[in-house]
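In what follows, chain A forms one complex with chain B and a second complex with chain C.
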Partner chain A sequence: MDEPECDDVLDDWFIESLKTYKDLYVYQLECPTKVIEWTSGRTVCVAGYGSSKNEILELRLPPKLFANENKGLCAERDFKVVHGGFTDGPVHCLKHVPGTRCVVSNDGRSSELQVWELGGEDSDVIRRTGSVAGRSVVSEGGSRIAARLSSQPQVLHGARSGDVQLTELTSGQPLYKLETDSADPLSSLQFVTDAVFLACCCNGNVYIADTRTAAAPQLSPPPVSSGESVLWWTDASSGSSCLDPTSCRIVRLSSSGQAVISDLRNQREAASQAQLDVQSHHCNLDDVTVSWAPALDGCIAVSGFSGAVQIYNTSVWRTELQEAQPLFQHRGHTVSSQPDDGVFVTSHVWHPERPRTLLSAASDGSVHVWDWVDQSAGS
Partner chain B sequence: MPEIKVTPLGAGQDVGRSCILVSIGGKNIMLDCGMHMGFNDDRRFPDFSYITQNGRLTEFLDCVIISHFHLDHCGALPFMSEMVGYDGPIYMTHPTKAICPILLEDFRKITVDKKGETNFFTSQMIKDCMKKVVPLNLHQTVQVDDELEIKAYYAGHVLGAAMVHIKVGSESVVYTGDYNMTPDRHLGAAWIDKCRPDMLISESTYATTIRDSKRCRERDFLKKVHESIERGGKVLIPVFALGRAQELCILLETFWERMNLKAPIYFSTGLTEKANHYYKLFITWTNQKIRKTFVQRNMFEFKHIKPFDRSYADNPGPMVVFATPGMLHAGQSLQIFKKWAGNEKNMVIMPGYCVQGTIGHKILNGQRKLEMEGRATLDVKLQVEYMSFSAHADAKGIMQLIRMAEPRNMLLVHGEAAKMEFLKGKIEQEFSIDCYMPANGETTTVTTNPSVPVDISLNLLKREMALGGPLPDPKKPRAMHGTLIMKENSLKLVSSEQALKELGLNEHQLRFTCRVQLQDPHSDNDTLHRIYTHLKSVLKGYTIQHLPDGTVMVESIVIKVSSSAEDANTKVLLLSWIYESVYRSLRVWQPPTLDIFLR
Partner chain C sequence: VWVPEIASEELLRCVHTEEYLNSFINGRINEQEQRRTGFPWSKGLVRRCRYETGGTLLAAEVALHRGLACSTAGGTHHAFPSFGSGFCLLNDLAVAAKYLISSSPGRKVLIVDLDVHQGDGTAFIFKEEPCVFTFSVHCGKNFPLRKQQSDLDVSVEDGLEDEEYLSTVEAHLPSVLEIFRPDVVLYDAGVDPHWEDELGRLRLTDQGLYRRDLYVMKTVVSRGVPVATVIGGGYSRDIDKLALRHSIVHRAATQVWRECGM
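Our next item is the complex of A and B:
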């Protein structure tokens, strides 16, 4: 690929990046991914979403990123493909089952889940070991997946609020079903504790349920918003460290850029909110992601509206709706591509421990690993 | 069936020494002859005992080909040619021929003088070895002998690096050496045509990695330099090769302009001298496009970069210095290092691999106290940064190369089979070719299916076509009749008559006869007529004639009837046929059948 045309833009942004990033790594996959899933503290899984055959890869992050004292002596900056396999269809959702070497995926066109074994030291091949049937057959949208946080391999899955089910992986037995009359398409499923989970819908409804009881779930309706037919995405702050489920915070983001923070205990009242400057460049918003930083209190990351990943500090937000500017913007994906390409970010994840390290992937196949500098710190 | 055999030489599974033996069409070729940099004993040399247990290698090898000047590809060459013994041709590109001896001599000095090794090649051996070198130009076919030809292709990676195409008859192998598929600032990307070799041999070292972008490596370099300069520190960059040093200079120059930095940047005089020499090599080696952009900035005519003088090392304040040699093992870079090592504000950036025994190697292994001459110790307080700028192909790059060359088989060396099953599966799936991964010392044998081109005479072709039926095509071969003549190097298929004529031979026909006895009271003519009628009814589709001369002909088989002299009721059938006509799928019927009928 020729550098000349992009050279100047790259130069400007790259030179600026000397101050704005502590670390920056840029990779090009053969095919773009819309999933990035941690399978250990140093490895992630990515997979293609082309219409037929795709690759699923487990990548080890560069040693240089983790070298602390002797960072200078480590020259290794490459991803290592530690395991790889082939899928028969696209991968739209992929989750790792904690405590195992197993991941579960969904192709976005049916409710069936594929189960994979990532492989150990003796082989580098990722093999399909089975499948999990959905509660009902769905032809579009595909299922969302959440893995139970404890060591029992169980997955929560479903495409709509009415067909959410918890299935035991080894036996395929359904252990729990969310009983509700609604059939709202889901944007995500998430466990906030080992037993309590959220079924977040595209229309903004959030169902809070407990797998230990047969009681009906609590429903938290969407916040009041200005636009018509907005879509909503939701994230709850760190499930496993939330010993008290009621102290969890939820962020909800609308397709018009409105972000609302609330307490799980009291969702009727917005704790705070802001109008984000998401600079939406394209109309297809399938891949919007909003996520709490696991190790940076009050910060969220937002992506999917454009080629940038934005970091916002929600702790300065107020109860009245006001415009908020991002604390940081990673524009690396836009800058490295041709202007008319319409590159957009397909996925991002925070590193579970390093406060400012993120991974992001875009529609052009790029994957970036970056550790940003908080320029406002000290003020 | 003809075979190609490939054996990576040397003990142990690990990376670090390239030396591959290929047997193709009766020729034996050694590809690269590298040194394993991690060992101090015989394990650092490839295991030549595979070729012969004792004695010289000359009669066993038709040629040796070296892909580029890195020591893990040529480090054992003088040992092989002068200490084990090989007098045949050694092929390499012009830049490799120019740079190899310098690196080998440096390496020898470090190993012998500094480490006191004894079983090592001498300076004279390096010179004698290089006398055997035959230089190659890109894309130029070289006849090693009547049957073996080789051709070098651009590999990128470092100055002079080549991929090599080896051909014997219609079998061929391509060896990649080290290469890169993403263009480098000064080297460009590897390129090869759709040569469809029977085998493509490549390193698997980086096959399972995804490479971080060049710009990020450069960013890291600039960031480190900038941080040191900002705190008033001095930065030492030991370099060897022209390309890398100049590339980093251009990078710094652009950066200095953009940031309006004032700290001085110097390059040492040793570098300038070498630069002149390599500049010529470099200009003829790189491609048009790169030559234009690179050559415009005539080397070392920079605004911010000035020649270094020894005394500047003591100047106060920040500065950046490029100095040789690259591994800090002697000369100016070592002198400067000694002066600057004690200050933690300073920095040394090592842009490449350092051989064991050098200061460079020690500090890259974290050593912070060094023993210098005269039992003096040096405290290493400055910041040490190891950066890798060399361009290598990664998983994606291998797939791109296979797409370019379209080999029939793929072979990966220097990797653990268990860790490459996914890549093997990927290659096999995408290209429907076999992918082999032999361990060191293990031979992979691949049968080839070479097509043998044969000229067919027009007469013969016309005759065959006149016989009718479908035209021959690769999926529906048809049998034909002719004579194959091998004359000089050509193969010709001609009609038998033409062949006999060319050979000056007469055609002979073999005619067989057999006599069959029958009991039949009829006259000779009647018997013959009955035979004729019978045959006509059972042998439909064949030409059967009752001729006026008293014979029946079935195709070209002649049947005559005569009575036995002793007994008029005993008839003797005389059957006669030409050798050829038997194979026109006509069954020769059994006498008893006829006998029964006639009764």
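Our next item is the complex of A and C:
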């Protein structure tokens, strides 16, 4: 009785999706990933988070997605594994080093980073080529990683605000250390320009530091929140377009669903905020992601609270806390799973250039790439 | 060239429930039901569906008299008696088949559905009807996920190309004709098995579709059985290309007409 009902739901959603998406392609991994990292405009790297051996894969997106003009001429609608390898442990964080075929990962257990070569035309193997030591040996929850935006292969990494370090990849030499007395666990590290970065902490603190100076970082405390002991996730609007770091917008999202937008220049006042429609009872809070759209002004995507990815338009938010409804919800991962499985989205990323294209991955191993239709727009 | 009449409510009632027809014709289909069909309701939509059904019926009647007839529409095989689904609101093939067996007792109808999607509505409607044989060749992974049971279902894998596809049809059609011995065939010549189709997951070429249609019509006609065709499904943003693809069956029919001296 249950099976036909599930199929019915999926069939109905499929028909609806023909109108609500411009493109939608699905892929099934053998094991779920909690990382999706662009390695080029058409390829992404994913990796498993099982306790021992896992696959690390570079997937090429369906060519049909990119055939904007002559969609009919391009039949190829499947993802393809172009490179693959094995890890010795789970992958909790993975970043691509721009300008190289190199990715850096962390297993969430220690502060050490693994360095990988993705392989070129001649090989389909992803090889481990080395490691980078963390600044402190003991680490719970694993390190966050950010790759420097310039052409020098350097990575910023650390598990807490007190052990953040910038390391040169080829030599393993530390180039910079964030000097602060605190030891707040990090939720993310992010470069906003080539030299300026944010160390975003789970308690809502955001440290703003400049790798060119030894000066202490600036601290932006968390917004006033309604809930006790909430966790916070942060994202800053796209680094490469943010030439003046003090005019960068950041979004902070709490585990109770409060989202606050502020300006780095004016950190104490909330520019705007909203209470998002998220149900946090089922979620794996490790996997919450909030991200600015690189090419769609004012839009953010939120995932990890459920099996859906929600898109919000923050430009209509005000300074007083009000409920916000999503502009769009991608429910593909829930619709295609059994109702009792409690599928949740583990990760999402925006395409760097295509305004409404996102990739999302879920706990059931599904990976979707989708280009949604803005039905509120006059088009 | 003939022009159909609009299908009357009485005619449609031979397949569809009164309740559904009332809601459908009078615009009382709720939002959830509309989403399932893929269409927002409008009066024009209702007219179009009724004419389309009339067209399939007319093609069947003309085929009975002349041996071969082609509609320029039709193939809405996902419509069930009490609801629409997958861009299908009324099941034209079912209505035509029902009419054919009712108007002449003992008459047998074979529905050959080569649209890339299973003819689930039609299969359901004629599940217990011995005078109608439903035969569907479709891609397993295409919509609907929830399949019904035709009298003969052939589910094929993604990416099937011309040769293998044609062999598959050739492996089944003659024996179905031999065993069932229909008095008339309704042929859904859907073009969504084409490799450029946006929804279909097969890889037929224009030539493949032409050879398929030629084969089906010739095989049926050479047994002295009349055949009526409908255009079936096809999904492409390039309407001109799609229209051209849908006209393959008409051109194949012209060839059959010539070759069989009809």
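In the analysis below, the second predicted complex is superposed on the first by the 370 of 379 C-alpha atoms of A that agree within 3 Å, B and C clash if a C-alpha of one lies under 4 Å from a C-alpha of the other, contacts with A are read in each partner's own complex, and residues count from 1 in each chain.
Quick note on the criterion: a contact is a pair of C-beta atoms (placed from the backbone, for glycine too) under 8 Å apart; a residue touches a chain by one contact, two chains touch by 3 or more.
A quick note: this is a predicted structure, and the numbers were derived from the prediction, not measured.
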item	value
Three-chain arrangement built on chain A, chain B and chain C clash or fit	clash
A:124 touches, of chain B and chain C: first, second, both or neither?	first
Chain B versus chain C as contact partner of A:158, first or second or both or neither	neither
Touch count on chain A, higher of chain B and chain C	B
First (chain B), second (chain C), both or neither touched by A:85	first
First (chain B), second (chain C), both or neither touched by A:15	both
Contacts of A:25 with chain B and chain C, given as first, second, both or neither	first
First (chain B), second (chain C), both or neither touched by A:59	first
Partner chain(s) touched by A:307 [first = chain B, second = chain C, both, neither]	neither
Contacts of A:134 with chain B and chain C, given as first, second, both or neither	neither
Overlap of chain C and chain B interfaces on chain A (superposed complexes)	10-11, 14-15, 18, 72-73, 75, 77
Footprint of chain C on chain A - complex, ascending	4, 7-8, 10-12, 14-16, 18-19, 71-73, 75, 77
Chain A to chain B touching residues, read off their complex	1-3, 10-11, 14-15, 17-18, 24-30, 55, 59, 62, 70, 72-86, 122-126
Complex contacts: residues of chain C adjacent to chain A	35-38, 85-87, 143-146, 195-196, 198-199, 201, 203, 236-238, 241
Residues of chain B that touch chain A when the two form their complex	182-183, 206, 208-213, 215-220, 222-224, 226, 254-255, 258-259, 364-366, 383-388, 394-396, 399, 418-423, 425-426, 429
